[in-house]
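In this document, chain identifiers A, B and C correspond to the written order of the chains, with residue numbering beginning at 1 in each.
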Amino acid sequence: MTDKLQVVGHNERKVDGRALVTGQPVFVDDAPAPAGMLHLALLTSPHPHARIRSLDVSAAEALPGVALVLTHENTPTRRYTTAGQGYPEPSPYDARMFDPKVRFVGDRVAAVAADDLATARLAAQRIVVDYEVLDPVLSIDAALAPDAPVVHDEPDSDAFDASRNLAAHATAIVGDVEAALAAAHTVVDVTVETQYAQHAPIEPHAARAELDPAGRLLLTTSTQVPFHVRRIIAHLLQIPVHRIRVVKPRIGGGFGVKQEVLIEDLVALTTLRTGRPCSLVITRAEEFVSSRTRHPMRVRVRLGADADGLLEAIDLDVLSNTGAYGTHSLTVLSNVGSKTLPLYPTAAAQRFVGHAVYTNLPVGGAYRGYGATQGQYAMEVAIDQLADRLGVDALDLRRRNHLRAGGTSPIFRELGEGREGVEQTITSCELPACIEIGAQRIGWAAKRGQRRRDGSWVHGVGMSIHLQGSGIPRIDLAAANLKLNDDGSVNLTLGATDLGTGSDTVLGQIAAEVLGLPLEKVLVTSSDTDLTPFDVGAYASSTTYVSGTAVLRAAEDLRGQLLEVAAAVLEVPVDDLRLEDQRAVAADGRSTSLEELALRSLYAVDQRQLAANASAVLDTSPPPFLACFAEVAVDLDTGRLRVLRLVAAVDCGQAIHPRLAEGQVEGALVNGLGYALMEDLAIDPEGRARGTDFGRYKIPSTLDVPPIEVVLVDSYEPTGPMGAKSVSEIGINAPLPVIANAVHDATGVWLTRPPFTAERVWRALNGE
Amino acid sequence: MPTIAHYHRPPDLDTVWGLLRDAEGSARLLAGGSDLVLRCPPEVDTLIDLSAAGLAGVSVRPDGSLAIGAMTTFSDLLVAAPVTDHLGGLLHDVLADFGSVLHRNQATVGGHVARARMSDLIPGLLAADAEVVVRTEDTSTRALADHLAAPPTTHVLTEVRLPVARGPAAGAFTRFSRSAFDHALLNVACVVHLDAGVVRTARVVVGETGVLGRRLRAAEAALTGRPLTEATIQAAAQAVVAELDPRQDALASADYRRHLAGVGTRRCLQRAAERLGEVA
Amino acid sequence: MRIEFELDARTITVEIAPGETLMTLLRRIGAVSVKDGCSRGDCGSCAVRLDGRAVTSCLLFAAQADGRRVQTAAGLADATGGLHPLQRALVDAGGVQCGYCTPGVLMAAMDLLESDPDPGEQEVRTALAGNLCRCTGYVKIIEGVRDAAALLREAEHD
């Protein structure tokens, strides 16, 4: 395909690359402070569970320079969810802007706006709060205990069953799982328990509010979901949507944590109350403790198979800890099933049962992988355990069972985003090629099962396979506008949100390809609720596939209009024309430039603005696939685990920008590697998160990352724009199981509790 | 932000000392900066920047000992061959994994020793029998171990000295941590001095959070007077495990730390033996 | 107090609070290529070069810059806006995703390239160990720095 393509499939320079690499002021907090800007500081709860008996803000308000103190006593009381999802959000409305009850250490108590940050912080510390401390719920088991304290005891809770601390519940049942397990030749039963992790974007959440000359509220914010921010802020603060404009400039990473509307309400309300601009950039400690995390889960998977390793039954039982609020509790939970089970459709009986529990702990949220990370870890370890029990090569076992093109899974229909799903047949799946290429690169045949020794170190290799989705079918809407300029360039305006992934570039490439333009003549403007059409935003691996389809459709529409004008100029039928190299070219070789067509339309004949608008909401969500292979070494003396090499072969359809696609996979793999080896937002016995800085919460540095080889396997998704699927999340699911499986190959122990610290491995080696 | 009212950058040590003495506890010496920015005590209102006082650089003294100026950065130390070659590469082991380049460019030896918190350098220096030169009203030289045990309240640490080894000697250092660039769960530094094929003196030092560097006398005794064989090394490692009473915290259990100390001791002694050309 | 220092070849004279950090000062006077990722010296986003050495500006007092030379990523491009080979190579290799860590990475990489014209992969890893990136997985950053070294060596030969 690629040889015929001019822009798509080529490594164009990222459209924002120049601005970023020259350090231009393109992030929220880089803009010069407008005159009179206030700075906000937060006061958060030191208790995991308490009721606020009273607040005394007089000392704070008396401090010179303090403009406003916000607490539950003077702010809107309507309930909402911070989850930046489509409307109505499939997350319980269990939060208030400020609540007289605090539910985790780090929960909001007050915010202070002052002339400068130091004053705001000092004032926040001068607020006197009288807490009635309540018994906290500090684990999944404690939440489920019969007489557990109730985290959400408000009478109007819309959670699944708040009185039993259940935020959400999801099931999907196909066939008779218990009967199939009872009849199976071999059954394996694996339980894994995953930890809290934080997204750790290098730019913390940042937002500014100001009133524009017309008195409208302008919010500039580091968000993945500008349109959801506008809607949710309008709902929460009871101001009309048309009085709010949300702009997302460049943002410093998101990974899901900026799919939450966490701070925009505070700057917005401060500006509305005071008439002054307002800024809030949360601290790194607040980012760790008070923002959002990956839901810790206990995932039990039971597999039943026949003697040849053909799967007959899969039972997936999930307990998810959503923390103090139920943001994304239902949908992340559902995704554990919907992104884990479909990979193995050979099992006729499948069951998924999931519960998300409330605790007085940090709040779970959207995090790259979105439940697939936890579910696929359990599943892929179980598959290796089954292979081990049957004496079958783990690679062969997967080959016998995995989803293929033309195949489907009943789970697609049974389990959607917090509701029933959408049936779909797989229209592209190069997983067989991924497995073959990956196995070859890692040297599977030569290295597996060898337990090569090198002093105190023993080596092993492991593998795992994965899928994700490409947007949420029949829910995610994206739209794009294209407008032709005098010189034949176009403005592409779209709601899609580039959070560093390069989506502005990728989406520009699609338009450029269709219109026969070089990328620099596609001027991309995205994520401004006044200027760009709607898009749900950057989540659920939707952008390339869903937003890309909207761009493709708009570009095809504009191409049609250009060809009509060209047909009039060249006096040939439209069907004889094509666009290439900035010209409309007729079958006979005559041509006219896009510039000429633009000038004619704008100034001369049949005058009009050539422009197009298109939307996309799709019936399918074709999964990207990935086969991952790892070589590890374990120091038998200390339990130290080193990942020596990672190979990931990926089917993401046609890669629009191969280098950016590889970068998505590399970044996701390393994020997952951190989760597997070192990242742990551990909680102390009082319910406080221990890691509040990068000194204590380690994320991988250059020295922690092994050589990584990403191979984009040739593929074409017929339903995707230019053959593309999405690719941003899938890689994060691989490191946990691939490393666990490689460690088993090396040592014979199964690692079921990440992070796989040296001490944990050492204890496992010692039979603990 | 620290509430600092005065900043001085004196051109010589005498002025530094005068300012420090006269400030009566309200001043702090500023070396690289890193630590003070994060942890400036509230009573401090004056900073005395040492960067112009001529305290940077490494030199070999007439008696062969090494003098490391307090303001020498870790980056400069890492390329100072007399230091990294000393005792067969003991301090190279320390420095090669010390922090990131950004920190090495900024952090200084004097600042690091003076802050006296969990350190990879201090166990190495203790194993090397380092001394410090301290300026008060006059100038004195004392063992680093004594200095750390009872630092003078007001002083300027101007220099770290590494005494020359008499006879064949070598050391090694190792650390255990979660990630490449992390506080060590525990670290070990060992030095052995040989005399006619047997260990004349030995240093086995273990550092961890809360313990800058503890000499393990039983392990040193297990080495002294014996040839540096595998059996001797094992005995020393076992002595460490028996003697050490490490801490338990969120990062590691006491059991595991004790085990690591044994492994680390064995590895350091084996490497020291290799560096001495002894078969271990 | 008043300090004077060189910032990207300009002389800056500015009133500061003696307890202010260099990072805060730089961002306050508009040198916002210097990013604040953690304020604790852990992430490297605020890295600048002080007298030619890359350091974390959040762990320096602004006063320490008095009389010294400070370079930031914004000063790398030439006067006409032409990208430095390192900037070009980093973007083209795919080493820039969100770009928030990029200015700090550029400073640490400049340190390396000035002392080692042909760094191996391990040398690049060591040089950048203090610069956290959550987007790229570092693969393409390392590639970009090595590409830049090659570009600079070519330029040297020409």
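As a working rule, a residue touches a chain if its C-beta (ideal position, glycine included) is under 8 Å from a C-beta of that chain, and two chains touch if they have at least 3 such contacts.
All values derive from a computational prediction rather than experimental measurement.
Taken chain by chain, the contacts link every pair, so each chain touches all the others. Interface comparison, A-C versus B-C: the pair with the greater number of contacting C-beta pairs is A-C.
Each chain gets a centre from the mean of its Cα atoms; for chain A and chain B, those two points are 45 Å apart.
A straight line joining the Cα centres of chain B and chain C is 30 Å long. Within chain A, the positions touching two or more other chains are listed as 695, 700-701, 703.
Residue positions 40, 126, 128-131 of chain C each touch two or more of the other chains.
Residue positions of chain B with contacts to 2 or more other chains are 1, 100, 180-181.
Interface of chain C with chain B (complex): residues 1, 17-21, 24, 40-41, 44, 47, 53-56, 58-61, 63-64, 66, 108, 111-112, 126-131.
Chain A contributes residues 11, 13-14, 16-27, 29-30, 32, 199-204, 250-253, 255, 281, 283-284, 499-502, 659-660, 662-663, 666-671, 693-695, 699-703, 705, 708, 710 to its touches with chain C in the complex. Those residues of chain C that touch chain A in the complex are listed here as 30, 32-40, 42-43, 45, 72-74, 76-77, 81, 83, 87-88, 90-94, 96-103, 106, 124-126, 128-142. The residues of chain B lying in touch with chain A in their complex are 1, 100, 176, 178-183, 250, 252-253, 256, 259-260, 263. The residues of chain A lying in touch with chain B in their complex are 118, 637-638, 640, 677-678, 682, 684, 690, 695, 698, 700-701, 703-704, 757-759, 762-763.
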